[in-house]
Amino acid sequence: MHAAAVGDLVQLFSMRDRKSFLLRIQPDERLETHNGVIQHSDLVGKPFGSTVHSHLGTDFVMLTPSTAEITRTLKRRSQIIFPKDLGLILLKLSIEPDQEVIEAGTGSGALTVALARAVGPAGRVHSYDMRADMQHTAHRNLKLVGLAERVTLKTRDIADGFDETDAPALFLDVPNPWDYLEQAHSALRSGGFFGALLPTTNQVTLLLTGLQRESFGLTEVLEVLLRNYKTVAARFRPSDRMVGHTGYLVFARALQPANT
Amino acid sequence: MHAAAVGDLVQLFSMRDRKSFLLRIQPDERLETHNGVIQHSDLVGKPFGSTVHSHLGTDFVMLTPSTAEITRTLKRRSQIIFPKDLGLILLKLSIEPDQEVIEAGTGSGALTVALARAVGPAGRVHSYDMRADMQHTAHRNLKLVGLAERVTLKTRDIADGFDETDAPALFLDVPNPWDYLEQAHSALRSGGFFGALLPTTNQVTLLLTGLQRESFGLTEVLEVLLRNYKTVAARFRPSDRMVGHTGYLVFARALQPANT
Amino acid sequence: MHAAAVGDLVQLFSMRDRKSFLLRIQPDERLETHNGVIQHSDLVGKPFGSTVHSHLGTDFVMLTPSTAEITRTLKRRSQIIFPKDLGLILLKLSIEPDQEVIEAGTGSGALTVALARAVGPAGRVHSYDMRADMQHTAHRNLKLVGLAERVTLKTRDIADGFDETDAPALFLDVPNPWDYLEQAHSALRSGGFFGALLPTTNQVTLLLTGLQRESFGLTEVLEVLLRNYKTVAARFRPSDRMVGHTGYLVFARALQPANT
Amino acid sequence: MHAAAVGDLVQLFSMRDRKSFLLRIQPDERLETHNGVIQHSDLVGKPFGSTVHSHLGTDFVMLTPSTAEITRTLKRRSQIIFPKDLGLILLKLSIEPDQEVIEAGTGSGALTVALARAVGPAGRVHSYDMRADMQHTAHRNLKLVGLAERVTLKTRDIADGFDETDAPALFLDVPNPWDYLEQAHSALRSGGFFGALLPTTNQVTLLLTGLQRESFGLTEVLEVLLRNYKTVAARFRPSDRMVGHTGYLVFARALQPANT
C-alpha cells in the first residue's frame, strides 16, 4: 500500500468546492482552509487516494500531486505557463531524463518544475532571469516541491549570453526572444531544440524573421486549444467557458549556418 | 560539436517536400528516397543540424529525431496517438524518470515510445496487447528507435488482469476501457493516475459511469485542438486545414473505496 | 444625414466600460445609468454614430442596434441563443424575406427577434411555448424592438401539433425535440428546413435516432466556436477567455417517406 | 404539397456519394452526372424532399437549395466566403429586407448571393469589382439562382469611391481594405455597419490602425471555427478533419468624427 509519510509532498483536494492544497507533511503542522483545519499528523500512514476530514467535517482526498497540479498551485508573481502548453513544450523539445536544459526567464517557475521533473534526478535545468525577486519566488516553489537541487537559478541578463554551449534544448519565455537568438544558438548543441511562447501575433512575426536570420530551421508555430468537459455521464457536454488564449508556441531547430 | 556517428538514430528532413526519414546509421547502408539516394557513411562525422545532399542534389537536414517526430514516422498497423495528445497524456499522468508504468493496448507503439522516453533508461513500460502481430510491429519500431530494452511487451488479454500491483500510472487505449476498470484499479497504486483515449462521446459516457462505480475519482475529460500556423512572417495565419478530432482524453485517480 | 428621431430604437454604448443600453426615444423620458443620466430629448436630431454625454460627462456612442446587439440586451428568463449560433441558424434554415416560419419554444425571444428581422415586415414568425410567463417576457421584448407585429405567440403544448402545414422552416429549442418530430414533419412543407439546438451529446444522439425514424434526412450536426480578438493593432491576439460551449446545432430536411 | 415546376431552382443530392447538383428545371434538358442521367421532365410535379432515380438507378433527393448550399456550388474563379462566415457576416452587419447594401469585390459572388437573399426582392446589393471577368462569372451565378435582378454589378476601382452615400452596411472582401476606408465611410450612413474578411494577422493589424484613423469605432475582430460531427447516433463524434482557417472577420461602425 502506498501510504503518506512525514516529508511527503501531498495534495489535498476538497470534494466540496474542488479547491486544491499542496503541502509537505511535517509532524507538528496543520493546514488551515476555509473548510476547516487538518492536522498533518492525521495524514501519516493513510493510503494515498483515501479521504480525510477537516475538523468541520469537509471531505478532502489525499493524493500525490501531478506535475500539472503542482504548476497550477505554485505561488505566482507572473503569468504561468498552462498545463495545456507545458505538455506540448516537453514533447516538442523532446526533453528526456538526464539532460541539461536551459530556460529564460524563470518567472514563477511553472516550466522550471515541469522541466525538472522530466529530466529527473540526474538531469539539470539552468534557469535564467534578470529579476532576483522572481527567482526568489521560484526558488521557494522549487524547494516546496523538492526540485530545487535539479535547478541552477542564474540571476543574469541573457543579453550577455548563456554559460552552456551544448544544451539539447532551450526555451525562451521572454517578451522579446528575437533579441537573444544569437545567444540561444550558441548555447544549443548543433541540431538542438528551441522553443518560445508569445502572446501576440506581432511578436510571432518578429521571432519568425529572427529565426530565419540566425540559422534556425524547421520552424513551427502551434496553438493549443483545450476543451474541458463536464463529467456527468447522462449530460455529457463541454464546459461553458474555456481559456481562449495563452500564447503561440514557436519551435525550431538550431541548424548549422549554410557556409560551414 | 554534436556530430553523427555509426549507430546513431537520425532524422533526415527533405527541404524540398518536407518529408522526413528515420534511420540508424550503419556503415554500408543507404537510404533510398524519391528525391535521391544518401549513403549512411556520408553522414558520419557531420554535425547534427547540417545539410546533406542526395545523389540527385536534394538538400536534407540531418537531426536527432524528436519524440513527436519518432511517433509520427513509426510503421503503423493502427491509428496512432497524435503528438497533441501525447504531450498532455504524459503531463496529466505525471510520468517521471525511473517509473514503471502500464499501457494497453500496445497498438503501433506511439504512446509506448513516448512513455519509454519519459521514464528513461532506469524506468520500464509494461505494454499489453492481445494481438501478437501488433506487438511484433511495435517491437520492431521500438528496436529501431533504441527503446526495446525499456519495454516489456505482454501478449495478453487484460480481462485476465495485469501482473503489476503498484503502478503509478496506467493508460488504456482500447475501445472498451470500462470493461477493465477493476483490473486497472488493482494494478494501480492507491492514488495512481489513470488515463484513456476514446473517439466517441458514447464511449466516454460509458467510461464515466464505470469510473464512478470502480472507485476512481477527480475525473476529467479533455480535448486538445491543435492549430498549426504558416511560418511566413509577412503573412502570418493558421493553416487552411486542421485535425478536427482524434479523441476525448479521460483522466482519473484510483481512490480508496469509501468503506476502507 | 441619418439622425435620431422620437420613436427610434437606439443603442447607447458607453465608451467607459463598454456597457450597452437599448431604448426607444420618447419625448419626456430619461435613461439612468451608473455612469450618469441621459435625457431622451438630447438624442433627437443627433446623427447616429455621434457621441453624447451623460450628466456626469461619460461618453456614449448612439447607434441603431444590430440584431446581435438586440438579442444580447433582451430581458431574459432563460438561456438565450448566442449570436455565433443565430447567424448559422438563419443561414442553414435559409430564412428569407416574406416567409412564415415556426419556432418552439419562444424562450426569451432571441431567436424570435432574429427570425422576425430576417423575414421582414411581410413575413411572420409563429412562436410556440407552453409557458405563458415566458411568452409575456418575449412579447415585451418584441414590443420594445418593434417586432411584435411580425410574431404570433401561441401558448401551446407542441405535443398537440402545430397549426401550420406548409412552413419552409421550423426550429426546436426545447430539451426533448425527439418527442415532437412527427408534429414538426407535419408542419413543414415537403423538403422544408428543420433545426434544433441541444447542449448535451446525449440529447444529440437521441435526436439523430428520431430524425432517421421520422423521414428527416441530410442531417448535419455542427458546433460553432467563436474566437474574439483584442483590437489593439500593436498587440494583436485572441481574448483570454471565450465561450466554451453553448450547444450542438442539428439541421435536417423533411423528406418524403420512402413509400410515397 | 410543395412540388417542383418548370423554372424552379432545385438541388439534387446524391445519396451515394453526397455530391450535390444545382439546376433550373427546363422542359427538354437533362442533368448528366457520373452516377447517371436525370431528365428534368422527370422532376416536374414531384414533391420536394422526394427521391428520384438516375438512369443508372442511383438515388437523388430533390430539394430547394439553401443559401449555404447555393454558395457552395457556385462556379468559382476565386476563394469563396464559407457558410460559417456568411451567417455571422449577415448577422453582424444586421442585414434586413428592403435594404440597399454594398460589397467589394464581387469575387465569385458567394456573399453577393447571401446578401441578395437577405435583402429580398425589394432590396438591392451594389457590388463593386475591378475585374470584368470576375463579374461575368458572378453574373452567371446570380442568373442561375434567380437573384440577378437584385444586384447592381459595377466594374469599378473603389479607390474612386462608391456611388452610394447612405448605405446601412458595407463589406470589403479585398486584400487591402485599409486603402479604401475613407471611401467606405463616405458611402455609409452615419452609424452604418462595416465589415471585412482578411486571411492574415498582418492585414488585420493594418486594418485596425486604419479604422481608428478614419472614425470607425466599436471595432471587433472575430474568428469562426466550425466543427462538423458525424451523424451516426451510436458513435457520435466530430469529423476527423476540419477547416483550420478561412479568415479573420473585422466589424466596425462608421462614427461621426469627434469634431462634428
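For reference, chains read A, B, C and D in written order, and residue numbers begin at 1 within each chain.
Here is the rule we go by: a residue touches a chain if its C-beta (ideal position, glycine included) is under 8 Å from a C-beta of that chain, and two chains touch if they have at least 3 such contacts.
Quick caveat, the model's predicted, so the values are computed rather than measured.
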_If a chain touches chain A and chain B alike, it appears here_ = C, D
*Pick out whichever of the two, A-C or B-C, is joined by more C-beta pairs in contact.*
A-C
_Based only on mean CA positions, could you tell me how far chain A sits from chain C in angstrom?_
43
*How far is the middle of chain C from the middle of chain D, if each middle is the mean of its Cα atoms, in Å?*
21
*Rounded Å distance, chain B centre to chain C centre (Cα mean)*: 46
_Residues touching two or more other chains, restricted to chain A: which are they?_
201-202, 205, 225, 227-228, 234, 236, 238
*List of chain C residues in touch with chain D within their complex*: 1-3, 13, 47-51, 61-64, 66-68, 83-84, 86-94, 96-98, 114, 117-123, 166, 189-193, 201, 204-206, 208-209, 212, 217-234, 236, 238, 248, 253-256, 258, 260
*In the complex, go through chain C and note every residue touching chain A.*
199-202, 225, 227-228, 234-245
*Over in the complex, which chain B residues touch chain C? Could you list them?*
201-202, 205
